[in-house]
Amino acid sequence: MKKNRVRYYTDPVHGIISFPWELLQLVIDHPYLQRLRRITQCGLSHFVFPGANHTRFHHTLGVAHIAWRVIQVMQEKGFSISKDEAEATCLAALLHDIGHGPYSHALEQKIIPFHHEEISLAIAQRMNQELSGALDMAISILKKEHPKKFLSQLIASQLDVDRLDYLTRDSFYTGIEEGRVGIDRLIRTFSVHENKLVTEEKAIQTVEKFLVARHHMYWQVYIHKAVLSIQQMLIMLVERIKTNCRNQNDVIMPSSLRSLITNAENSSVQNLLDSYLALDDVTIMQVIKDNLGHPDYILSYLCNCLLDRKIFGLEWISIEKNDYTFAQKLRNINLSLGDQNDEILFLIRTGTEKSTSYVLDNEIEILTNHGDIIPLSEASHVFFKEESLSKSFICYPRHKR
Amino acid sequence: MKKNRVRYYTDPVHGIISFPWELLQLVIDHPYLQRLRRITQCGLSHFVFPGANHTRFHHTLGVAHIAWRVIQVMQEKGFSISKDEAEATCLAALLHDIGHGPYSHALEQKIIPFHHEEISLAIAQRMNQELSGALDMAISILKKEHPKKFLSQLIASQLDVDRLDYLTRDSFYTGIEEGRVGIDRLIRTFSVHENKLVTEEKAIQTVEKFLVARHHMYWQVYIHKAVLSIQQMLIMLVERIKTNCRNQNDVIMPSSLRSLITNAENSSVQNLLDSYLALDDVTIMQVIKDNLGHPDYILSYLCNCLLDRKIFGLEWISIEKNDYTFAQKLRNINLSLGDQNDEILFLIRTGTEKSTSYVLDNEIEILTNHGDIIPLSEASHVFFKEESLSKSFICYPRHKR
Amino acid sequence: MKKNRVRYYTDPVHGIISFPWELLQLVIDHPYLQRLRRITQCGLSHFVFPGANHTRFHHTLGVAHIAWRVIQVMQEKGFSISKDEAEATCLAALLHDIGHGPYSHALEQKIIPFHHEEISLAIAQRMNQELSGALDMAISILKKEHPKKFLSQLIASQLDVDRLDYLTRDSFYTGIEEGRVGIDRLIRTFSVHENKLVTEEKAIQTVEKFLVARHHMYWQVYIHKAVLSIQQMLIMLVERIKTNCRNQNDVIMPSSLRSLITNAENSSVQNLLDSYLALDDVTIMQVIKDNLGHPDYILSYLCNCLLDRKIFGLEWISIEKNDYTFAQKLRNINLSLGDQNDEILFLIRTGTEKSTSYVLDNEIEILTNHGDIIPLSEASHVFFKEESLSKSFICYPRHKR
Amino acid sequence: MKKNRVRYYTDPVHGIISFPWELLQLVIDHPYLQRLRRITQCGLSHFVFPGANHTRFHHTLGVAHIAWRVIQVMQEKGFSISKDEAEATCLAALLHDIGHGPYSHALEQKIIPFHHEEISLAIAQRMNQELSGALDMAISILKKEHPKKFLSQLIASQLDVDRLDYLTRDSFYTGIEEGRVGIDRLIRTFSVHENKLVTEEKAIQTVEKFLVARHHMYWQVYIHKAVLSIQQMLIMLVERIKTNCRNQNDVIMPSSLRSLITNAENSSVQNLLDSYLALDDVTIMQVIKDNLGHPDYILSYLCNCLLDRKIFGLEWISIEKNDYTFAQKLRNINLSLGDQNDEILFLIRTGTEKSTSYVLDNEIEILTNHGDIIPLSEASHVFFKEESLSKSFICYPRHKR
């Protein structure tokens, strides 16, 4: 009676999730993956969207679930995907984000100077050693080295299971309906052509909608002014901790974080991994709570603002007028905060954000009803034209201490 | 152009939430309420339901939102509720859970020996001082001292806005559909009769469904075996920390928690409040992470299990057979863990849980189409008969160290 | 490139529906099944629930879809169901309601004296002749003669795919949320034990919820007072047409309906089939529109009321007080309508309705975690106790001519 | 106890709908409005989307509901809208589609040569006479003659309550998710500026999404190939009935339709109204069923195809290649149908369809955070650029008789 042993995950987004492989269960239960339960998918965006407390762990399950559904549809359509390849693809889905650190993208490359994908690979490889090579094929898919190229594209391309999950999930938890994607239809219309992942023509509107949804989630959530501002505050926090450390001012923090801050610059990913795997959202919030009264008043100001959700102001500025606006802003901030100390300048930042748009050098490919392949930019006369938009901002404190 | 200043909260559960009072905004933004952002609504239930990371803060907003909608409907129906009373009721809704501590109910009365409602009142009163008495009426509603008794019943009774929100919200985030409640219909059918909150007869099935939903959420979520087990683990953790403290074994923990553990027994709520307000989920997770290598191997075992989601086993046992089962279980656990140390007994617990059922001494009252009032138990011939069910369990470790 | 030929049905209830068999497509496209597009699932209930215009055709697709999903899950669990058996079960699902007539249950046995299941079987058999026996196995499943008894139970039992679809669908289209059922969980927890369909213990609450949902849909939709009243009006209409025919008063109507009304009493199902297959909701509405000015003022009154949604009054009465209430009611109706003609009595009806409750002689069976089978009434201590409730009513006109 | 008298409509799309005015109830219950229950919102689109059986009546309720919600929000924002104006606007919403005929747009101007809006106005005026002028203000809003221009814009403009309802409703019932619109946010961000309806800047993405949704509903539903084909078939049916009438060949049909077909050309709307108000979907389906065996084999062929859902083929053709394609197609059709009769040419049609896009001469206006008004085309750099797309098609029979 093994039948009952299958684990079911109840997901409000996708319904019931389950996988037919014991190895997947082992990987899900591994402390490295469980760590993702303590890392929110959208950082501190829940300051703006109170429902957005969902985790990287949950996203990861969702990505593997969609991958598994696509593979089943492909198999039904007659494409050859072996049982091992199916399992490896789902494993790759589980591992693709395992390298994320505290608050996901918000602090990416700020604590240690590596991109999360590089770290994911390092962690996956360490795990693979523990598991005596059971993850070999999954890793080859992650590294785009597997001969069935379309499996790698399923995990990472302009129309992949990662994006399908995060748009749907972030939309669900933020309550921003514009992010919804017609997942069911997309899942059923993936196909393979000359070893490449393609989408059947009948889903062309659903693909267009997917691109629009992505665009809208950027402007409404990912680069929402308050969300960007919180992200800047977190970055300032980390920088200020580093500055204090360099200046021999003690900051209360867990040893893992201290070790990374001290050694990150000159180390390889591998050497940092032990400390890195101890990091999560709790680490940062602990630092915030423990240094509310730190003698560096800039640090303590940041900690207090982050704890009590006193979000810095952020305004879009046009780059041309930058200097003037900046100076004027500065003056106003000083006046309103009544703070004559030059240190306050540390808390005023400018920067540029852009929505990552559809790129033309590696297009989504459409399989027409006649069996031809055409790039999306040709198939769709309407929406793919979206240009990459970038906007500059100034971010500054607005609460008195 | 003040119009645009109204704050909108985007809630995936209720849609857009907003209130027409500045004082509410002030209270929502207060650090005491913001603290609830760091306290999950369902403790560590997300170990079982990966979507259940929603917070007390979000629930609190939802409760106030439903309260506001009910009041608007009542006003439309012609019942006299002044602007101030409306505001105070929404404030009471915001404050009703402000006293919750880490992991909400899971550790209630375990860290300090007070019920969360008593603490809520103490915090509300302190806030009221800060606000020069602006919360007077809200507090009178919380204390059931306001002459319009039905306002207090709206906040706390067998069919109140608290339950409407938590069933709906917990159902939404766990993905357990059985917990859904016909909120829209209930909101529109609340009425007042002789100063008491009543429900119009036409919503009788929706009330029945509400009780069934509550029943099902108990059995599927709130006293799910793994959820109970995690709760026992958290309780053991706190007890073990206390034991170590008593025995002069240092445990790494924030000073606020240390202060509470040392002083809670003989203090008043008021004296503990400063330390208590520094507690949240982060506090406990920080202790877990900081004591993974604690010399007390029972404590370190608990920390490791809680960090890596190694959930203890839990089985329902019938009370009569208790002794025998207990002894046998004990023997098996010892064998499987290979642990001869008597200390292991600390980790084996029995207990009893019951679903809180509908009680007959303070019934939901139904306003019939003819204008009479009858208790629900009479109006509904079907579902109110649910008996209070209690079940005993044994909980025990099952992962080797 | 046959891949693209699979037909997708976009169902707002279940998502995308498709089947892997050409024969199913042939049956779906057959005029007998297409006829169900012109028969509403819930009769004229859309007079009360304006969204409830969904059809028997749509329901039929949904039943086959759920059957197919259950079979796939069972196959994954290792139960032996051949490709032919799977196809035949889905065909049986498609055919199970093919015998429904105008407004589904509302006029059942009123136009011809046969139950819809008997007619379904006759139509299926005629279709089977056309298809040279391709439906043999499907018919054996419908007739409960197939050796795999559980396949027949899947189509018709106390927890079958028919009920799963109609509760979910009727709930969706009426907007009565109480009828929602946890279909996904139920689909995944069906199992087979000694050739019987059983449900795994872990879905016990979902089964309870299913029974509660059914109960609530009865009271809120299926025997809603206005819905019952409309049903009585339709029955009166058919009776009045018959009376006029017997009295040689011409009624304008299609020849198929005339032929049935004249010949139904003494004929076999087979002989009536040709005429019967020409009936649908349009037939009745056509009669209503064509006889608005009929010389029999009772008939014309009914036609006008049904066209313009002038719903008769309906009140629950207690049987004991029946005579008195009836007489009094009668008097009031006469007064209010100002109608002295005795014919008006034709329009006043009493009757009894009962909610079909869970029956104990053919129980839903639960497969416990230990592999035992116990009846639901034992597994669930709470909800199965629902008694069959019956209620008497009086129905009467309330609009002046 | 009048409180309970308020009528609630349970709408699966918007939740509970109710209005505080008796006059609205009177209008809803009027036979002219009840007629819309027998007219499907999307014609025979349910041949393609089996869930799309929703009616004009239901849509009309929804439009009035959204109008009422917008007005309430505007009143809360401080804009002056009197009780009478609120009621009149909701009445205008109820009346705006009252002139629709069988299958809504599918046969518009085919039976009588008037646009549905002109007919709506004529019906509203007749109703107004019955109601002694109670609809005066509502009619002035419909005719855009009311001084508060923004009320007329709310009912009919590029971002009006009509579109908000039909996109949402058609999306819901077809199951095409791309059509969903963020109604809640739009309702809360309507504003008024210099007597014109404007939208607050914070909803800019939701407006963009609304335009994209409209675009997608065109391509996925409204001009779906099979939907267009069915529409062509209905048009051919009506034309063929007319031809037969002209040729003195009797066609079985209700007298109202016969009267319109005979007299429509030279009459005013007013003179045709009595007959027109007797038309609905049933009328056409009745003609289809009654003429299945008509001696004109083209007419009988159309009737049979429409009854049994034998949809004609439809292909997009490029206009340049039109002649050649047409001739070739013709040849193939003749060969495949084996039909040498020239009459078959009647059944082959070409035509052009275009998606109605955003137009620049009457723009949606955006109220910026600084209080300025800018047209959407300026506020949104991305999506408004959609060009009007038109496509040519050829439509032809493909089922043998």
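Order as written gives the chain letters A, B, C and D; numbering starts at 1 within each chain.
As a working rule, a contact is a pair of C-beta atoms (placed from the backbone, for glycine too) under 8 Å apart; a residue touches a chain by one contact, two chains touch by 3 or more.
Keep in mind that this is a model prediction, so the values were computed, not measured.
In a homomeric contact, the two copies may use the same or different surfaces; for chain C and chain D, over half of the interface residue numbers are shared, pointing to the same surface. With A-B and A-D as the two chain pairs, more C-beta contacts join A-B. Centroids built from CA atoms put chain C at 49 Å from chain A.
A straight line joining the Cα centres of chain A and chain B is 31 Å long. Work out the mean CA point of chain A and of chain D, and you get 43 Å between them. Annotation for chain C: residues touching 2 or more other chains are 15. With chains as nodes and touching pairs as edges, the resulting graph is complete, every pair of chains being joined.
Chain D makes touch with chain A in their complex at residues 177-178, 180, 182, 205-206, 208-209, 212, 215-216, 219-220, 381-383, 385-387, 389.
On the side of chain C, the complex with chain D involves touching residues 9-13, 15, 29, 31, 34, 37-38, 40, 46-47, 49-51, 53-55, 57-58, 61, 172-176, 254, 278, 282-283, 285-286, 289-290, 307-309. Against chain A, in their complex, chain C makes its touches with residues 1, 3-4, 8, 15-16, 20, 76-78, 184-185, 188, 191, 200, 202, 369, 371.
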